[in-house]
Amino acid sequence: MIDAYRNTSKKAGMPPGSLIHVADFNEEDTRISVIDYGLIDVEEPSVETVEDLLKFREKDSITWVCLEGLKNVEITELIGKYFDIHPLVLEDILNTHQRPKFEEYDDYLYIVLKGLSLGEEDVASSEFSVDYEQISILVFNDFVFTFKEWKDELFLPLIQRIRTSTGRIRSLGSDYLTYAILDSIVDQNFVLLDSMDERIDEIEAELLSDPTSNTLVSIQHLKRELINIRRSTSPQRELLSAILRSDHDLISEKTHIYFRDVFDHVLRISESVDSYRDMLAGLLDIYVSSVSNKMNEVMKILTVFASIFIPLTFIAGIYGMNFEYMPELRWKWSYPLLWVVFITLPVVLVTYFKKKKWL
Amino acid sequence: MIDAYRNTSKKAGMPPGSLIHVADFNEEDTRISVIDYGLIDVEEPSVETVEDLLKFREKDSITWVCLEGLKNVEITELIGKYFDIHPLVLEDILNTHQRPKFEEYDDYLYIVLKGLSLGEEDVASSEFSVDYEQISILVFNDFVFTFKEWKDELFLPLIQRIRTSTGRIRSLGSDYLTYAILDSIVDQNFVLLDSMDERIDEIEAELLSDPTSNTLVSIQHLKRELINIRRSTSPQRELLSAILRSDHDLISEKTHIYFRDVFDHVLRISESVDSYRDMLAGLLDIYVSSVSNKMNEVMKILTVFASIFIPLTFIAGIYGMNFEYMPELRWKWSYPLLWVVFITLPVVLVTYFKKKKWL
Amino acid sequence: MIDAYRNTSKKAGMPPGSLIHVADFNEEDTRISVIDYGLIDVEEPSVETVEDLLKFREKDSITWVCLEGLKNVEITELIGKYFDIHPLVLEDILNTHQRPKFEEYDDYLYIVLKGLSLGEEDVASSEFSVDYEQISILVFNDFVFTFKEWKDELFLPLIQRIRTSTGRIRSLGSDYLTYAILDSIVDQNFVLLDSMDERIDEIEAELLSDPTSNTLVSIQHLKRELINIRRSTSPQRELLSAILRSDHDLISEKTHIYFRDVFDHVLRISESVDSYRDMLAGLLDIYVSSVSNKMNEVMKILTVFASIFIPLTFIAGIYGMNFEYMPELRWKWSYPLLWVVFITLPVVLVTYFKKKKWL
Amino acid sequence: MIDAYRNTSKKAGMPPGSLIHVADFNEEDTRISVIDYGLIDVEEPSVETVEDLLKFREKDSITWVCLEGLKNVEITELIGKYFDIHPLVLEDILNTHQRPKFEEYDDYLYIVLKGLSLGEEDVASSEFSVDYEQISILVFNDFVFTFKEWKDELFLPLIQRIRTSTGRIRSLGSDYLTYAILDSIVDQNFVLLDSMDERIDEIEAELLSDPTSNTLVSIQHLKRELINIRRSTSPQRELLSAILRSDHDLISEKTHIYFRDVFDHVLRISESVDSYRDMLAGLLDIYVSSVSNKMNEVMKILTVFASIFIPLTFIAGIYGMNFEYMPELRWKWSYPLLWVVFITLPVVLVTYFKKKKWL
Amino acid sequence: MIDAYRNTSKKAGMPPGSLIHVADFNEEDTRISVIDYGLIDVEEPSVETVEDLLKFREKDSITWVCLEGLKNVEITELIGKYFDIHPLVLEDILNTHQRPKFEEYDDYLYIVLKGLSLGEEDVASSEFSVDYEQISILVFNDFVFTFKEWKDELFLPLIQRIRTSTGRIRSLGSDYLTYAILDSIVDQNFVLLDSMDERIDEIEAELLSDPTSNTLVSIQHLKRELINIRRSTSPQRELLSAILRSDHDLISEKTHIYFRDVFDHVLRISESVDSYRDMLAGLLDIYVSSVSNKMNEVMKILTVFASIFIPLTFIAGIYGMNFEYMPELRWKWSYPLLWVVFITLPVVLVTYFKKKKWL
């Protein structure tokens, strides 16, 4: 199953712009948290209703509104109403099957992408799994909205930085904040790739020591995860190059270089994913070869046993015949002589096989 | 057989623009249904002849004429005559082997694409099949024609929306209607992909539990279907990017964003199809490996049996010989001793094989 | 052998423009046929010498000169002289190993491409073969030359249409005629692809019922043909997009849409060829798997027989030994008891194997 | 080993422009030959020193200086000095590991590419080998230098043509000469490809009649050669399209069409190389399948013999037992009856196997 | 593990521009060496602190500052401060997981790429390994900084040239020096590829003589290294084409041709890497086939032995039966006759098998 993208069919046939939250799991209540900062002050007011946000519009300071959980559709609807957001954008925010993209509107920018994180329950077991979360970012002049599917600590380090730092982040505008948010999301992928790297190393070690059919299942599992990761990360390249090409007023010349930095990270991630794909293909080749090799080994045992004992059994069979006129049966040395044959023949055969490199 | 595209050879050598309906199946009588709407009214007059349509031309309202079944060629011919449509367009409408494309003419736009739906008879059985229907759309200033191959309920939800909604769809022009029609057609593909997703999951489960040669046939069947789906959906990308690039008067600035939305859906579909292709390739790898593994298993049984019993049989064969001078035959303990050998030898061998990881 | 392209090495080292006819087979005498038509009249004069053609130059009507067979080099040379054609073009006409291309000159256009047809002798047998014919088209203001390698009926339907029709073809200029010629040539490929489609279906049926090594040879044969077809058809895409991009006076705005139509056909052909390639790759996978499966079957028989009878033979061997002290030999029920073993042991083993899914 | 490209590491760390001849083999003394021609005269003066060349600079006629063998570095150095050539160009001429390329300088053009020819010693044996020679061309207004690695007869036909012809080549400038030189070099590849074509046919015949592991080695050998040929020929495409795009004074409008002709040849070669690659991949598939098939055959013999004789041996073993109470042993017809079994059982088994398509 | 790129996850969540050195190994103290040269003088002052560098800023001469080892972060920080370098650049210099790239700033250029060298410990053993070092270059008007990870002799030949040469390098500016540095780094790859070439030749020889499962491991090892090399070298192509496209003041028209030369080298390296990839794929094919072949050989021995001796044993078994009425047992010539059968039957069988090409 391609988690992050299927089941949109639920909406097929509905009017565009119908605000219905389409998601498969993790339905959580929406939590609104706000951080409002300028060069001097940082404020973190607690906000209950969307209307509470309106007062920050008059202020010069940057206001970052972070919504976690998309269940309460009316909150998004209200934000849409107060901040005059296009219905299609609202629809995209709520439908968590969007392709990463960047859209410019007159007063605001809309960015949507996937945040990838290691699946929690699987950190313990050795199986690798990935959770996909859709994150939407709305960038206004001094307002930034982020819509996340779940409550987690993804933005915590960034929030800490805003609280404590007095440097760049506090002096620059909403575009720099947008950059910082994107950077947090994108850099999380490196954690993922490191974990995948380790898993690949494990599988390789397993392959060289003792490959089982489980190893194959693991390779295929990883391959599938990689296909999904690729689907989520590769459109990020377009997304960022679209941001870089944009000449929207909301993106100042000065922050361009920062977005270029994220772009470089995205390129590196995308190249890593391609490398991992090649490596997994290589692992599959090793697996198939090692299965063949094992079969070869087994065949060789069979061949040694069969090739040595079948002729001997035949010889024994000859003298088990009940003919009346078999002079050898009466000779005194026949039996000891035959033992000599029983011992030398295998030696000769094995030596011959070894010489011929068949064994 | 590549359903949707073959057999055009029937027409090879005919004059271009000859209005002959080229299709392979489902020849149905043409049904004309009309829905005429403006901000205030919705009318669904029953229409018998093409001439009945002409009176809607004077009206300001948007008129959507939906023709289902292409058998009655003269209807298309008449529409061509009254609405001054290029003969090649008429030919393309009737020849159901068109590549999806978008063409701009002075007064109208011509869009042709494939509508994909799950093959009906196969919903019950587990085999996955797809029906391809060519859908042509002619967009005039306040007239939209759609030509479908069959009578089905594809546009029903959209028609319902027009009837009941008083919102966007009723206030916007024929370009928005075109968008809504395209959206209906494209979103149907998600249903298809979900169904394919399920089928892939089924096959994978089958592969891991009990792969048979039927599984291979299923994989190949799906692969073929995917090749066909790909052929129908991947040109939709071009089609929509052509619409987006177009600066024809009939497409207003305002609906651009809606077409961009369909474009995103098309991209997602096309990426899904690619992912499924990768997954099917992975399934084939598993199949081949599991066949190898099974052979390995079988070989191992053979090897165990042969390697253990062939030497024992040989030993039994020795004492079945009829030499007169075989002292062991007369010893009292030979036979019980031999039983000891018959029992310990297999144990030793199996232990050795296991240690060597051959078993 | 790649028919249509090899053996040009004959000419390596010759001066460019040397008019030597390079072809491998089917050397036929050149036949000249002329059809001269305008809105009102159609004339089909018989023409003996190139000079006979000159009188049509003064006339306003469109003159189509069709040369079949390239053996008589001097005819081409004379046409070159009278119509002032570049020596390299003449060389390309005669050397039948050209890559499809479109070249614009001041007074004329030069188009060369491959006409593909089903190999005649092979229609009967089930083996699929393709004949490649180089067709050159020279387009003047009201003159069109076509140079074909063989005499066949490729253009017959088109000629019929000119004779009988009073429509478009008679009223439009040499560019429309060129379109009609190209259309005839390109549409022939659909016939070919249909035939290939059938052949693939046959092979697939064969694969699923009874694959032999002949099936493999057939797949490879088809694969090769497909490589060749691909080489001939895929440059047609470039050719037609070059025509579409061209703004030469000889191609009027009005016929553009017709060339676009041929372009669509060419795209469809090229996509079909790609699909067939994927399908053949799939067939090969099935073949390889079915060979493996067959080996598995054979191995299983061997394993059943060996695993069941080898232990039994061993048991029989034990009581074939000639020890004096074998108490069982004297017991009355030993022999019947052993028969019980001989019958139950196989039953037990087979049951066990089946349970383990080894059989 | 990738002949034509390795070992440049010798130069790693040296100053750019250091004139050291880097080549692996065939070190021959440099031979200078000059042909000086105009519309009327052709002169072939013997030239000893580079200074001898200077007098041709004043003349209007075209002078073609052909240097064969690169050992005498000082000659190249002197030419560089007198004709004011950039040190990097001189370095590229002497270092025979250049990638094919085209460079424009103020007064001259620099073209470097690989000349491919069939390896001499291998024409007799059936093994296919290719010699790669770097050929540099320096084009001045009425001077053309060619630098070849070896003395051979590659340019002989061209020189003959200059001597005898009074046509185009004698009347056109140094650009036409350059074209003619390029044409000679490129057309040689057709000879090579024909030879490869034959070799592929041979291997295919071998594969279908009697594939040995030698066949595999041959396929791999050809595959490697093809990789190398591809590396040398595919950049020629870029080279020629660069020439075609160039608007340097030294390339007149008139010769453009000739370069386009070479470009077409280069495209054809490059497409042929791709086709051969596909074909070799196909041959490998056949090889692998035929090895599998052979194993199948061998397994079948084993299975027939084992499956038929193992049960029979068991039956014989039963009546070889020495029980006292075996009533059958005393019956008169037991033995003949058993013979009936010995004969009918194999017949039954073989019939059954055949029916099951196992044999 | 993909050495050069993983573990960046350490930095995930940190503020951009935080100067923390991210590297995995080879932590060495920073060594600063300076070479200051003009047309006349070369000076190599020993420098202790960053402040010592400042005095060279006033001088007209070119100053090349080479820092080896990145451990002492404060040095980089100070350089950043004094030379006014963007914090993101400083961060990229210290974080050794950068993608090769070229960035233009107002006063300076920033180039970062990977220097590849043969892993030292592995030169002795036959296993091929590569060390990746990140090299950053900062180009000012008459200042060039290079930041390397380790102390090695990579730039020694270049430094020697500056010391001794009085030619180009001494007369041209910092852009030429940059070129010379890039050239040193890129040409090192040729050494690497030569070594890989040798290793591939070794493996091929091994494959044809005596393939073991170690050979497979070697192939996979090489494949992995190649994936990594590819990741480091292929972005160099973009890097150099970016330099070539740049019109920054710091890159003069005159040095363009030198960068083009490096570009050619980079293209050649990248094509070589692709060729090696194809070759390794070919080696894998041979490996798999040779394993199959070996299995075939082993199966044949088994088949010969089994097929010959099993029937013979059966015959011996017949006459080992204890029936009272077996007339043959009493005939005098039965036994010798049977020996005739025992000898002729194998001969007949082997001859038959050979004729059928099964052996």
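Letters A, B, C, D and E mark the chains in the order given here, with residues in each chain numbered from 1 onward.
As a working rule, a contact is a pair of C-beta atoms (placed from the backbone, for glycine too) under 8 Å apart; a residue touches a chain by one contact, two chains touch by 3 or more.
If you're wondering where the values come from, they're calculated on a predicted model, not measured in any experiment.
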item: Given subunit B and subunit E, the chains that contact each of them; value: A
item: Least step count from subunit A to subunit D, where 1 means the two chains touch; value: 2
item: Starting at subunit D, fewest touch steps before arriving at subunit E; value: 1
item: Interface residue identity across copies subunit B, subunit C - same or different by half; value: different
item: Inter-centroid spacing, subunit D versus subunit C (mean Cα positions, whole Å); value: 26
item: Length of the line joining the C-alpha centres of subunit B and subunit D, rounded to whole Å; value: 42
item: Of all residues in subunit C, the ones touching two or more other chains; value: 288, 292, 295, 299, 302, 306, 310, 313, 317, 320-322, 326
item: Cyclic chain order - from subunit B, heading first toward subunit C; value: B, C, D, E, A
item: List of subunit D residues in touch with subunit C within their complex; value: 157-158, 161, 165, 167-169, 179-180, 183-184, 187-188, 190-191, 193-194, 197, 201, 208, 257-258, 260-261, 264, 267-268, 271-272, 275, 278-279, 282, 285-286, 288-290, 292-293, 295-296, 299-300, 302-303, 306-307, 310-311, 313-314, 317-318, 320-326, 353, 357-358
item: Subunit B contact footprint on subunit A (complex, rising order); value: 1-2, 5-9, 11-17, 86, 88, 97-99, 101, 103, 210, 213, 216-217, 220, 223-224, 227-228, 231, 284, 287-288, 291-292, 294-295, 297-299, 301-302, 305-306, 309-310, 312-313, 316-317, 319-322, 326, 328-332, 334-335, 338, 342
